[in-house]
């Protein structure tokens, strides 16, 4: 396979970033936007061709005679050599999930590029300030995210992991004159940085023991006769296995070092994927422009954590405890986020919590995947959900963007009853809601259903728990839907235009994504992506019982939402009054932000930083200064010695001479 | 009976100490000079005593004493000249008043 | 009697000739020609110096002894005399303006004569191998200085300084001679060589006291703490030319004489007796000198205390008690002469021009008189031991010398000395700060210093910059030191 | 002597000094400064290329371009020069920063004196990096220190007198210990009866410093250089000094001079006394480990831009010393890269702060805000510098920090597994935490200073960077990004000759 296309996939966004960043100011807004979009379009084509090539060409590099998909390192360039073995390379890794991610990222990114051409201007068609910068950052993000998914080694992943974090920072803080955006971007960066610390230490531990960063060395076995081609082996390679298993397995504080490493790496994933308790940055990140939320904080970057776990899945399989932790964290987060989503009034916040909840679904799904249960259905389901979720969540966000663009506010109380004014938005949004609620035949139904059956296989408790979350999902999505589009008639204020549908650049992505959300469920995903490359017969494992139960739950939830929110009625207020504490906690997101505020500001800032700074100025520096002061004091103290009296001089002289001799004599004796 | 050196040395030492004491306590510079003379003379005596009692076969100590006397004379002359100068300038010879420069 | 042994004293004799010429000029030249006396003296002295240096470099002098062992000369001794000569030439050049001043008309001859006599005394002190000669040299070197200190008849400070100087000087010579009498009592001779053999490594109470008194007596001239108290007052009170002479020439000569006495007389008592005395004195000298210097506002007084602490560093060369130490000490003296005279040159020029000697008056000097300020700064840097100026090299070498084969105690001593260099850097930088950083209007207006003053400063600057960088100077000193008479006295 | 290329690193600044002294107006002064510093860059680039060529041709001597000319024969003091990859990296760094610094002080008052001192300072720096004789090394070291006093005192701002004095005295205090240590090394540089030497290579070859003496001399030299490397608790000169120094001086000082400390620690203290380094490293590991987080924490609450950066330098330079003490090839490589990286990015920082300060006349972040709207160019550069500082991949900080962490973790784990205590491991983990704290204070500054609404309406009239300021910053940014994007080049450069040295260190263990 030629390496030109993969290189171009990475190089074009990077080039666009540099080009737009340096020269953007010199060109017109439209030109910059068009260039960015065209660039992304090219990448889209290239990525699709690569993915198509990978999945369907039947090239022996990609698939073996048994029909198992292989991993192929297209190129791998040494970037930084630490020691003989430990080397960071930058490369391009092609396997089912990276190919799938290529598709997801380029699709959503292109949609967002296109969408932003319309979104990033006001009603008079004047482009926003910093429009070129926006496209430059979008390109940077696309580059980083693509680099992340095609990473050949864990350190490359870390590098791009940091880069997506930085571009997310820049994009969240795009409206840098708004203090809330600035602090949100800061929060996002610092929280994920904290998580990355865990990731880094995890990498260090893992690489210390295994002596490698390469994914292929960690999780796969080389395929004989073909260079750079590997096959995932669920039984981890001997080289790795021998290090971590057996009686001599290194332990640290009661757990094996592998568990430590994997949990720490998962911590990085928790930060990026906004798992509790590191989720607090994601709702705030909605301060960024809405297309950014769609791209970064719904579809691509936030699933990096899931992707990371999936990438290292064979290692995780070795340590049951790590997977249990993932399951527990995921399950708690999913429920928590769903609860909170029910009580938010900012539509983007609702979507943000819904994202957290859905990503938690994927995490749980990975956590429950075991060979013994339907041959790893959970893994496949997780990836499938990742794919479908990216589509419908991007759709929902872009729809929300269209609404916000039209209304000028994030608050749904300013919307109500918009269905007549914005029909395209209405219908596409409804499709998105149906998809996420899991209504057959929309894509969410298939992926979520598989996750639930994977949970059911693993443990009934998890299954019931996650079904409950699914129920809540359907409820809060339709609550949102009704509150935006129904509830009561929209009032058009004097002197304002009536809200209307958006230009084609914004509508087109909505329609495309809606279409994808409808049909994506029918993609034979199992044939393409599975944990060991073997084609996975999805229908063989389909559990109609689970499917019908979840469908019923979703319908009930939608019905409930319809009753409560379709028309203006006192029911919601009554419910709120009936459970005031619950509503309050949910509305305030269980006070996580306040807790963090307390820890960072009251404890770290006030109890560590300030005292340290004081200590530095007064104790350390004070000591240094006191040397000088003491010297001066001493100088002052011995002043009387030089009294100006010659007799005094002579007296000291004589005493000195006698003492000099006397003491020496005493010492000699 | 030979009188041992110690009978000469002790007075010499006492003389030295007297000189020292006088030098430190007297305010009049002339008196201080006299005290200094005492000290120098005690040194001279020492030389003579040592020469006479310990090393009677040579004259080094005696010679040294002669030179020392000359030097003492020169010193005194110079000192007196300077004291006179001071007297002309400030009209007294009280050494304790001469403490303009200090610290 | 073999008169040829007078030839061994050729340096002293040459100096005497210069003295006589100056004396004759002063006495017999008509009044109108009297103004030429300072220049004439300087030229004569310069000739003497050049001749001496050529002699020193070209003819390798062996150790020679004259007058029954009372007088000794060697390459290193003539070298130190030449070093002193160089210093004297600079002092003389710098004092031309002052000596031609209104006030000095009648008495400038005396100034030069007295100065040359003290120099002669120092020569004697250095070459003496008998305590009688040594004492004569010492007195010769210190008594006329009292007259020189009192030279400024109109200034009260000059009198006060002279009184303090003469009284302390006589007192210290009494103490010194007391010590000598003890030495004589123990050893029965005043010849250095005889004493050395007589007291070989057997200290008695009297001997220890003798050593202490001798150190006190010489320490007075070197202004080692606690025998230093006269220094500041005298430096402040004396005319600037005299102060500069006192601070460098007198100190340098005495330091070398001190080494001679300690090595050739008390060498065998090094480890048991005087190493520790000196150890304590060095710490005291450096520290107390520095502590006093911090607060001084009068430049001359400030340099007095700085010179006290510099004396402490010079003593490191003696406590090292090895060839490297001797060479380093001589190098230090040489560099110190240039650095200190550079500083005194500036002080003198400013004092002659507008009578200011306070550090506060120096504020903003760079704006009005940049060259003077620059010279002063380099001198300060050199004194503080900042490379690439000569002071750095001399400090480094003296520490290197002190540490050769050093015990831990010596390392501690050097560490204390090094920490003291920070304090000294502080006060030297205070001067630099006043001149360069202070933003006040300078009270010293721009002026053009006299030709002679500038020449003096140029010479000093030349030395400050190049003495360290040009290695032959130090190498020659080391060569001389390694073949010198000291070699046999050193332990290693 | 003049056939040796290295000599020109000292000759060029000296010629510049001479020319500057002759200059009459500011244009000539600028011309001299720019041409001279360009010459230095050209020289160091040529040296780099030539050096790599020689290495590629199989030259495996520990130092290349060695030359040695007797200076003080009796003490065996030579003017000995020689470079390996580390020195070349440092020379390159220095010349770049001198270049950028000249542009950053384009409109300084009293330019003649300023540049005289600045070039004297760089003479010292270059001399230090080319020397392999301890005496000349020390001499150049002190030459580099003292001009700081005047540069800060005359051209500085704020409490400049206090800061200048404090900085000078503390650094000279360090060099007091250093001098003792160096002379001590000299006296044990050869086995009994051998010819004593100041030459580092010979000292390493002789490896004759007795064990007991090593334990005494190692702390002396390490502390001596460590003061300049801002090691806790001797770092307090740095915040005050940097806060008061003029732009170019802050750049040169934080960018190059503080590297002298790290370089010296490695080249003298560890290189010559590996045993003591191994045994005593724990003391300094604790101190430097504290520096790393302590500096970062302190930076979090400061509101003066220069103070923030100074504390950040404390943290980053602490990391350099920390990594050196790991006595591990990877970590040491990382230390050198961190020196380069920190040098460039901190110079960039100080340049930018100077430029902002020159316009707003305040450095309090509480009194500024929204600079991005007023001076977008400078603000973008500031963000880039900040990103480099918090270790964004693609910029230099990341590469250096990761190399250090990988290396130290390896050393720490090796110790831990060998039952040699978990000190290294624990402090590695603590040091790792600095990446989070760094992010906190960098983003805090960026958020307050650059983003948000404009704080002071008077600031709206301010102009963005002029061409010389752009040139200065672009140079640095290109270098920062260059290292960040192509780290392996530097890695190879350093590694090439690093190996023998490190083996000699580790061989002792």
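Letters A, B, C and D name the chains as they come in the text, with residue numbers starting at 1 for each one.
To be clear about the criterion, a residue touches a chain if its C-beta (ideal position, glycine included) is under 8 Å from a C-beta of that chain, and two chains touch if they have at least 3 such contacts.
Everything numeric here is computed off the predicted structure, so don't read it as measured data.
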item	value
Winner on C-beta contact pairs when A-C is weighed against A-D	A-D
Chain nearest the overall C-alpha centroid of the shown protein atoms	D
Farthest-lying chain, centroid of Cα atoms versus that of chain D	B
Rounded Å distance between chain A and chain C, as computed from the means of their C-alpha atoms	77
Between chain D and chain A, distance of the C-alpha-averaged centres to the nearest whole Å	37
Whole-Å gap between the CA centroids of chain A and chain B	97
Between chain B and chain D, centroid-to-centroid distance (C-alpha), Å	65
Two or more partner chains touched - positions in chain C	163-164, 167, 171, 232-233, 295, 426
Per-residue multi-chain contacts in chain D, two or more chains	169
Residues of chain A whose C-beta touches two or more other chains	628, 639, 642, 644, 646, 650, 654
Chain pairs that touch, as defined at the top of this document	A-B, A-C, A-D, B-C, C-D
Sites on chain A touched by chain C in the complex	628, 631-632, 634-636, 638-639, 641-642, 644, 646, 648-650, 652-658, 660-662, 664-665, 667-668
Chain C partner contacts - residues on chain B that touch it in the complex	16, 19, 23, 29, 32-33, 36, 39-40, 42-43, 46-47, 50-51, 54-55, 58, 60-61, 63-64, 67-68, 71, 74-75, 78-79, 81-83, 85-86, 89-90, 95, 98-103
Contact footprint of chain B on chain C as seen in their complex	131-132, 135-136, 139, 143, 146-147, 150, 153, 156-157, 159-164, 166-167, 169-171, 173-174, 177-178, 180-182, 184-185, 188-190, 232-233, 236-237, 295, 301
Complex contact set, residues of chain A against chain D	78-83, 86, 88, 155, 158-160, 162-163, 166, 169, 173, 176-177, 179, 182-183, 185-186, 189-190, 193-194, 196-197, 200-201, 204-205, 207-208, 250, 605, 608-610, 612-613, 616, 620-621, 623-625, 628
Residue numbers on chain A that touch chain B, as the complex places them	639, 642-647, 650-651, 654
